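Following are the structures in question.
Two complexes, one shared chain (subunit A), two partners (subunit B, subunit C).
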Partner chain A sequence: MNGIHDMGGMDGFGPIEREADEPVFHEPWEGRIFALNMAAGALGKWNLDRARYMREQSDPVEYLTLGYYEGWVLRLEAMGVEFGLFTREELERKRTALAAAEKS
Partner chain B sequence: MSNHKHSAPLSDMVLRVKALESLLVEKGLVDPAAVDALVEAYETKIGPRNGAKVVARAWTDPAFKARLLKDGTAAIAELGFTGLQGEDILVVENTPNLHNLVVCTLCSCYPWSVLGLPPTWYKSPPYRARAVRDPRGVLREFGVELGADVEVRVWDSTAELRYIVLPERPAGSEGLSEDTLAALVTRDAMIGVAKVPTPRERVA
Partner chain C sequence: MPVLTAAMVPLLVTKGRSARRDDAVPARFKPGDQIVAKVMSPLTHTRLPRYVRGRRGVIERDHGVFVFPDTNALFAGPHPQHVYNVRFSARELWGPEGAATDAIYIDLWDSYLDRA
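Moving on, here comes the complex of A and B:
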């Protein structure tokens, strides 16, 4: 196991950036994706180890550049497809429909 | 954000999350009210105030402290704090000669039931990378200077076992009530990147 997630001891990441009075979620969508992951996880199709495994399969560049909850969005999309909650096509169609509805 | 293929503008993330939620709800897999309740719980109820109560109880009740150090999960459940990512908790005690620091080098494991969701810095590469290699340097960055005679132990969390630090009770806090003590305890002290301020420092 030497994936990008295995960060203990790595050099070069610089100082630790802290935010005073940080909110639990910075944007409403972060709270939604957090809760959706919990609610979908409660369906019992996968366990925490599986969810971690999915996160650890990320492209290393993506792992380092995506925000934390952005990673959760991609993971829930991937897990939902893999475990048959929905298909990739259904997801695309839904996105297109929502985008069109927003524009109109 | 980089220009990597998956790095999407924020508005796209909003759309993607909406699509996921609406699809899961339509299929009857997720109840939107349950999603609302989860967000609200983690924004308002499940946070470091829970852990602070555990610490204050341990400072004032030696029998509870003994149970807490022996079986953290069970003792914490006595105060009603149970649930996700709090299934197995080990409580590690700071003393004048020993300082404990908690990290999750692999990701973001954290004792949600007592501390809530972790701050961004806890999940960030700089902290995860350096906490295990240079814990004293990390502590200095957080403003904690430890003497050479103080041993530092770093605990690397896993999905199976999470840690919370039982900080030292500050000087000058003798005779304070459990609630007043709990108000002194900070999240950072329970991760091990800070000491609990004395009542005098707290006021200052």
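Moving on, here comes the complex of A and C:
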């Protein structure tokens, strides 16, 4: 699809930042999301190409503004719902419960 | 449902899961052949970037046979086919602003290409 992901040849994004001693993950949660994606992928409900297709269908504003692994979180949620691992309601219930537990 | 076990992880992380196939598919192109990338705008997944569509290039290398992402993403079959490394000059892609000596080499599936 002619989506926001197909950015080759576009100008205006500024220079590429090169980090000295760049870590594999910048935050521990990024590693967990990477692992969760691998484990969920191993269930065999989708393949790598479908996962890429799902990423391309992200909201364009989110695609450009969210961090790389933040985008992975949203994709995994979308795939989990589409392929029947959980429902949107179950996801929201869990999110609400976790937020409440964090506050208390 | 298959489950990822700890024992499988090192192999998965270091090697990934290869999309290479050993199907005997004939190659339509060989190194040195002139091609033109198809102009197409599927609403579904493709790995043919917009900036090479309709542009002329030269086959640099034949990588062998791989799963076709465009159909695989739709669960419409692997359609194994050759993937080629293709050279596009910067001038062909960007016009006069492209540096005369620059080129981009990109890997493209057989289905994306026509003979120039």
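In the analysis below, the second predicted complex is superposed on the first by the 103 of 104 C-alpha atoms of A that agree within 3 Å, B and C clash if a C-alpha of one lies under 4 Å from a C-alpha of the other, contacts with A are read in each partner's own complex, and residues count from 1 in each chain.
FYI, a residue touches a chain if its C-beta (ideal position, glycine included) is under 8 Å from a C-beta of that chain, and two chains touch if they have at least 3 such contacts.
These numbers come from a predicted model, not from an experiment.
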Notebook entry, point to check: Is A:70 touching the first partner subunit B, the second partner subunit C, both, or neither of them?
Noted result: first
Margin query: Let me test your reading of the model: by the given contact rule, A:91 touches which partner, first (subunit B), second (subunit C), both or neither?
Written below: first
Note to self: Looking at A:38 after the superposition, I want to know if it touches subunit B, subunit C, both of them or none. Which is it: first, second, both, neither?
What the structure shows: both
Checklist line | Contact breadth on subunit A, by residue count: subunit C or subunit B | finding: B
Next item on the list: Give one of first, second, both or neither to describe whether A:8 is in contact with subunit B, with subunit C, with both, or with none.
Entry: both
Next item on the list: Would you check which partner chain A:79 touches, where first means subunit B only, second means subunit C only, and both and neither mean what they say?
Entry: neither
Check: First (subunit B), second (subunit C), both or neither: which does A:48 touch?
Finding: both
Item checked: Residues of subunit A contacting subunit B in one complex and subunit C in the other -> 6, 8-9, 38-39, 43, 48-49, 52, 56
Checklist line | In the complex, subunit C residues that touch subunit A | finding: 1-4, 8-9, 12-13, 17, 19, 41-46, 49-51, 67, 69-70, 72-75, 93-94
Check: Given the complex with subunit C, which residues does subunit A contribute to the contact?
Finding: 1-2, 6, 8-9, 38-39, 41-45, 47-50, 52-53, 56
Notebook entry, point to check: Inside the complex, what are the residues of subunit A that reach subunit B?
Noted result: 5-11, 13-19, 22, 24-25, 27, 29, 31-36, 38-40, 43, 48-49, 52, 55-56, 59, 61-62, 64-66, 68, 70, 73-74, 76-77, 80, 85-86, 90-91, 94-95, 98-99, 102
Check: Which positions of subunit B touch subunit A when the two form their complex?
Finding: 1-2, 4, 6-8, 10, 13-24, 27, 29-31, 34-36, 38-39, 42-43, 47, 84, 103, 105-108, 116-117, 119-121, 123-133, 138, 141-142, 156, 159
